[in-house]
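A short write-up of the structure that comes next.
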Amino acid sequence: MNIEHGSRILFTGDSITDAGRKRPVGEDAKDWLGKGYVCRIASILEAWQPGHGCRIQNTGIAGNTVRELQERWQEDVLDLKPDWLSLMIGINDCARGFGRPQIEEDRVSPELYRDSLERLLATIRPSLKGLVLLTPFYIDSSFQDPLRLELNLYAKHLKDLATRYDAVLVDTQAAFDRVLKQLHSSRLSQDRVHPNECGHLLLARAWLDAVGFEWHG
Amino acid sequence: MNIEHGSRILFTGDSITDAGRKRPVGEDAKDWLGKGYVCRIASILEAWQPGHGCRIQNTGIAGNTVRELQERWQEDVLDLKPDWLSLMIGINDCARGFGRPQIEEDRVSPELYRDSLERLLATIRPSLKGLVLLTPFYIDSSFQDPLRLELNLYAKHLKDLATRYDAVLVDTQAAFDRVLKQLHSSRLSQDRVHPNECGHLLLARAWLDAVGFEWHG
Amino acid sequence: MNIEHGSRILFTGDSITDAGRKRPVGEDAKDWLGKGYVCRIASILEAWQPGHGCRIQNTGIAGNTVRELQERWQEDVLDLKPDWLSLMIGINDCARGFGRPQIEEDRVSPELYRDSLERLLATIRPSLKGLVLLTPFYIDSSFQDPLRLELNLYAKHLKDLATRYDAVLVDTQAAFDRVLKQLHSSRLSQDRVHPNECGHLLLARAWLDAVGFEWHG
Amino acid sequence: MNIEHGSRILFTGDSITDAGRKRPVGEDAKDWLGKGYVCRIASILEAWQPGHGCRIQNTGIAGNTVRELQERWQEDVLDLKPDWLSLMIGINDCARGFGRPQIEEDRVSPELYRDSLERLLATIRPSLKGLVLLTPFYIDSSFQDPLRLELNLYAKHLKDLATRYDAVLVDTQAAFDRVLKQLHSSRLSQDRVHPNECGHLLLARAWLDAVGFEWHG
Amino acid sequence: MNIEHGSRILFTGDSITDAGRKRPVGEDAKDWLGKGYVCRIASILEAWQPGHGCRIQNTGIAGNTVRELQERWQEDVLDLKPDWLSLMIGINDCARGFGRPQIEEDRVSPELYRDSLERLLATIRPSLKGLVLLTPFYIDSSFQDPLRLELNLYAKHLKDLATRYDAVLVDTQAAFDRVLKQLHSSRLSQDRVHPNECGHLLLARAWLDAVGFEWHG
Amino acid sequence: MNIEHGSRILFTGDSITDAGRKRPVGEDAKDWLGKGYVCRIASILEAWQPGHGCRIQNTGIAGNTVRELQERWQEDVLDLKPDWLSLMIGINDCARGFGRPQIEEDRVSPELYRDSLERLLATIRPSLKGLVLLTPFYIDSSFQDPLRLELNLYAKHLKDLATRYDAVLVDTQAAFDRVLKQLHSSRLSQDRVHPNECGHLLLARAWLDAVGFEWHG
Amino acid sequence: MNIEHGSRILFTGDSITDAGRKRPVGEDAKDWLGKGYVCRIASILEAWQPGHGCRIQNTGIAGNTVRELQERWQEDVLDLKPDWLSLMIGINDCARGFGRPQIEEDRVSPELYRDSLERLLATIRPSLKGLVLLTPFYIDSSFQDPLRLELNLYAKHLKDLATRYDAVLVDTQAAFDRVLKQLHSSRLSQDRVHPNECGHLLLARAWLDAVGFEWHG
Amino acid sequence: MNIEHGSRILFTGDSITDAGRKRPVGEDAKDWLGKGYVCRIASILEAWQPGHGCRIQNTGIAGNTVRELQERWQEDVLDLKPDWLSLMIGINDCARGFGRPQIEEDRVSPELYRDSLERLLATIRPSLKGLVLLTPFYIDSSFQDPLRLELNLYAKHLKDLATRYDAVLVDTQAAFDRVLKQLHSSRLSQDRVHPNECGHLLLARAWLDAVGFEWHG
């Protein structure tokens, strides 16, 4: 694995990262990390490489867009002084425009998403040993769903930022798309946004592959 | 309205009809009819035409395919001696093939669906004053979703049966498609199968329009 | 409908408007608007005219008389800057005198009701595109019930204010009286104050008719 | 009191008698007798005349009409061999015709009520030392409410039977009407059928007065 | 009744008065007055004399000794400006010495009880139309129980104060003793301190008799 | 201890023995033995003499008199083939006559108690290695309480049977009386029937002392 | 993977296999398979090889020894006609002797375990395409713990049977021991019997490795 | 017993002392002292020596290390002015290093434990009549478990402090080890840290023996 022994790894983001984690910081005990991909990653690391020595923390909060993340960036990211930061954000920024179209102030436009995210990354990248960025995703096999089309704009911006900020990129949408060729979307998520257990394992696998984890170690 | 004053109207089907109705037969009090389109129809009838004199009953059961409906047809339909029967079935018959593909015995093929349904209708049509058939639906704007494509086969069979058995047809898929041009599917249903309140009102409207209800009566 | 596309519509009042809405402001999701006539109106608008573009909010609070409404008028009405305001208040003002006769300070007399209401309307009418006033009601077929007789005084004042402030008037008592000719009051409400689902639909219908909604649109 | 020391007194009827009593027979402990007038009578007897030596039992069942009472008469009345029987039934027989007008089989007509009741009384009167009959009531000050008007027919039959079967008659409607001259009905009952605590005490008082209880004993 | 029409009557004391009343002040609705003798008194007054016009309030708090009562005297008694005050306190003052003998600071000695109570009464008696004092009681037929013997000292002080402050005295211990000649104490209370429903009715009767209530009014 | 290593010891009786044990037979795990003296005895045996090798079972049932015990004697005692039987019964037999005096069939007279108990003991004594009989008790310092006086008759019969059937006698009343000289009864039991934790430990101590347990082993 | 596409795989055993699965047969939905290693295996298979086509079922029951498994073998194993059977049993057989030493009939001796298991395997092996046997385990780093020493005997018998019945063997104890070199046992299980999430993932990994699963497929 | 009549005895420590006690100070009623050894000691004292006159308090808090104890020392120990202090702390200080190895700041090293504890004892010893120190323990029969080996270091420091501060020492580990020769650890604790009821009685016995309690008093 490309992450150094004994690193402090912080995951943050929205409900998919949160997944019911403990407040104020999810850490250590498996269920304190939530029931999502973060806890799967921590468990797999421990079961496969019990001597990894890394410290894993989770400060995702359900319902967050980049706007809310910004407000708690100091407390929930900078103050924790991570060596590695793993960030997934964007589905709420985009989906609010479809789910609550009249409440315009709830939505974050792709441009605002890009600019806000860039400002956040700029504050922390220099002090990090590594950065992992996960694209937002929509678990729908149809390439024409309007929400999915719009979400591509956000993902595009995130990919650009990954290049500019030397991040490990996890293309979660591609990971889901591969499986969606064989399984209907209802098998991975009830609402196309929140993965079930299989979907979270799939995210964990994509993340671990991206950071060079050795499954047959 | 084309339904005669004082008629006994029976609704049956799957979870969308059930919607939490009382056992063994949902009737009379609004929440005993469930929280779905059946209860909306009953409430609208009472609020618009308090003297309609009809008796409305509900024997939908969540999770039913036509196979399970067949097993309880005598008790839950014939024995209640309805004047009008309203039936919506088919989403489970079809969706099991996508949600639980390995459990083949759970699925009902389009052909089996057609034949089973026909047998049921044949037993009751002669004794009915009227029959209403609602197509199954999938609340997704994408015409290419594989489940939706497959569901079209079931809907096609149902439409044929509506013609042959002189039924009032309610094309629920068309009703949803009209709205999906302006609203994203997530606004009508979380899982594309179970409508939210707006979706159930939309079903109630389609049903009432189909039986000639006068909104400005 | 006489309400302009994209308007911001605010409903406020007492328990009948509240109906379990979300705090601090009920909005958007159907159950966040409560289980009463407000949520029916929002659902019908969305199902019949998905492109209406209006934003619907609810700040009703159970137990309110015009006295409590006055105390929160700035925060719960003015600050939300509605285009249209829909207001129903008065049943508690009147009924406290019957239900808790010894606690005189709980009651609001018809005159105090009129004056307080007028002061409130004066602060907001100029900034509104439209105002809807609903009379309070008592779901009892007897014209001699002392509470109902007294309530007429409040309704009379409200009707006068509707004229003077150029409001759309919804005569809810008349709407209930029409139905009470054919149904016993116990079929619309358990306690003659809080409507059941059918009663709320009846209110929604009266409201929508009053603002020129087209059912066969 | 006209009831003999050490008598076995059985109360039966519908929800007003039931009031949450223990199954299969409510007896002895106060809450096992329910929260209604039966428990008040038992408590008052014990507090005023601790040596009364009577054994009080309750077999009321919520929702009963005389039809259901008939089905359990052997088990819930005759088998218990009471010395005194106190019976209140009839509100459901009548109110079903208003609350569920379409479900005609649920209602019991005044004539059927009279005949069924008579048959029941005939089976037990000879073996009783005393019989108490309570009229059904509707807690509404309006003499014109259609349900109340209809209920008068049932009460009339009951009064006739009281005369013919030498029963102590408790005119509960008259007891409520006296109070309704000064209190609004909402102060005695939320739904005009089920009394609140004050209403149950009022019933207890009427019952005790009717059997010659001495308050200043 | 010796209490004037339209009086404001305040009950206060410990758990027997509290009985689960609403906070901050129990009033009006029966269960807001608790489940004890206060609510029985209010219900009987309303059922027997619906036009009494009195306003009944309850500020008893479970676990209080005169020491805690003193701390809230201003807020829970004086500020409510009662016309009549009804007070029962003392069982906790005494019983703590038996139930928690090591925690000496919890107990209130008979002398401290007397002096504290006197100070409280002095502050309010001049502004009252009437004062009712209830002795504390212990529901035990044995005159030798050490707790009961000790409690007599407190009751003695209270009786003296009743004389000096021109109060209506309710000798609750005497009321219970009359009944205990015929019933075992376990029939009136599980723990000899908290009366069951029959015991509370007995208290209500003693209170009403003491203020000259007419049962056959 | 006089009980042989590896014995099967069965406790049975009423609620004091039951104390919430598991059904159908309480055994092994501490809370499966209930929260009363049986579980204390088992825990003390295990903590003091971990190698005792005895198997402890509990079939007490709350509310039992000797009449109910008789009905389940075969299944709950004989079939379990104990080496030692420990039995405490009688408080319900006696107390029913005070708590429910009108329900005469609930009470068991001292004579019936004696005869029934004797019949039961006769069926099992020959097959036992040892028998322990505990007197019923009433936790009241007054020797004049009528229930306690009556209970003495039952205890007297039990003591006679202990002599005739060569049983180890545990005089529980004496054990409580010793403590009641220094503590008020409310410190050992809320209702004078069911001991609190201290009271159950006191029972356990008396039982263990009676069978020759060595505390300083 | 050595398991054929489209195979029917049945897992059975005790609480570690059960893990809260649905009754009567856990299948399909992830939480219907329980929260243990079975559900992890199913999720990993689906996330890594969505086209595997296998049908996974779980009939483990908490608390089972081979004795109880035997009683339900026909219904819970043979009748389901699996292609592959995966079986883990033995910890209860062994641990009962330590946790409930007095209840000898609860324990299954190593010899009885071996013989019973053999009889079961003989009935099904011929009809299986493959058999997976998992040793029981105890998550304790001490090789001297008496329970662990005794459990070795059971594991030894199971390994012999694996050879004789041509089974894929999963040495779960070895898998845990590898990790216990670096983590304290409390990090994998609270009670050394039931693994936490990390422990279940470790079991899943060992199982998948044993059947030739390709992690980098 | 070496503790003076009427002493104020304060127990403090971590979860084993806490055991669910009442906040802010557990006292008097048995369950207010928690469900652990403190409550057993109080109950035994009361049952054996009802006139002991001691006042027992409990301020243990689950999860505490000596670090957290230090922060609340003033409020939870000094301010309560005990005559005797009984302290058990250390298992969390040690076990955090095994259960959460990455979170280094959670652990308290043996040296820091010793120094912190010494500082605390120095502040209070002069004002105490007596001090009881209990060693931390690990309920595991293996002397080689790494956590147990490490815990020995903490226990060693505590024993030294006991000598230097003239404390009564309770060697809890020795008490458990004696029993572990005959019972498996799973019979005394599920997780080897928190004793079950038998384990808590064993602690109570060790404590009482250490302070010279006479079981056959």
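A, B, C, D, E, F, G and H label the chains in the order they appear, each numbered from 1.
In this text, contacts are C-beta pairs under 8 Å (C-beta built on N, C-alpha and C of every residue); 3 or more make two chains touch, one makes a residue touch a chain.
Keep in mind the model is a prediction, meaning the values are calculated, not measured.
Student: Starting at chain C, find the fewest moves between touching chains needed to arrive at chain D.
Tutor: 1
Student: Kindly list the shared contact partners of chain A and chain E, in label order.
Tutor: C, H
Student: Between chain D and chain F, two touching copies, which fits better, same or different residues at the interface, with half of the numbers shared as the threshold?
Tutor: different
Student: Could you give the separation in Å between the centres of chain B and chain D, each centre being the mean of its C-alpha atoms?
Tutor: 45
Student: From the C-alpha centre of chain D to that of chain E, how far is it in Å?
Tutor: Distance between chain centres: 34 Å.
Student: Can you give the whole-Å distance between the Cα centres of chain B and chain H?
Tutor: The separation of the two C-alpha centroids amounts to 67 Å.
Student: Could you work out how far the Cα centre of chain B sits from that of chain F, in whole Å?
Tutor: Averaging C-alpha atoms per chain gives centres 64 Å apart.
Student: Of all residues in chain A, which are in touch with two or more distinct other chains?
Tutor: 183, 187
Student: Considering every pair of chains, which are in touch?
Tutor: A-B, A-C, A-G, A-H, B-C, B-D, B-G, C-D, C-E, D-E, D-F, E-F, E-H, F-G, F-H, G-H
Student: For a test of understanding, state which residues of chain C touch chain E in their complex under the given definition.
Tutor: Residue list for chain C touching chain E: 100-103.
Student: Which stretch or stretches of chain D touch chain F in the complex?
Tutor: 6, 27-28, 53-56
Student: Show me the residue ranges of chain A that touch chain B in the complex, using the header's touch definition.
Tutor: The touching residues are 95, 98-99, 101, 140-142, 144-147, 183-184, 186-187, 190-192.
Student: Sort out for me which residues of chain F touch chain H in the complex.
Tutor: 30-31, 39, 43-44, 46-48, 50-51, 179, 181-183, 187, 196-199, 201-202, 205, 215-216
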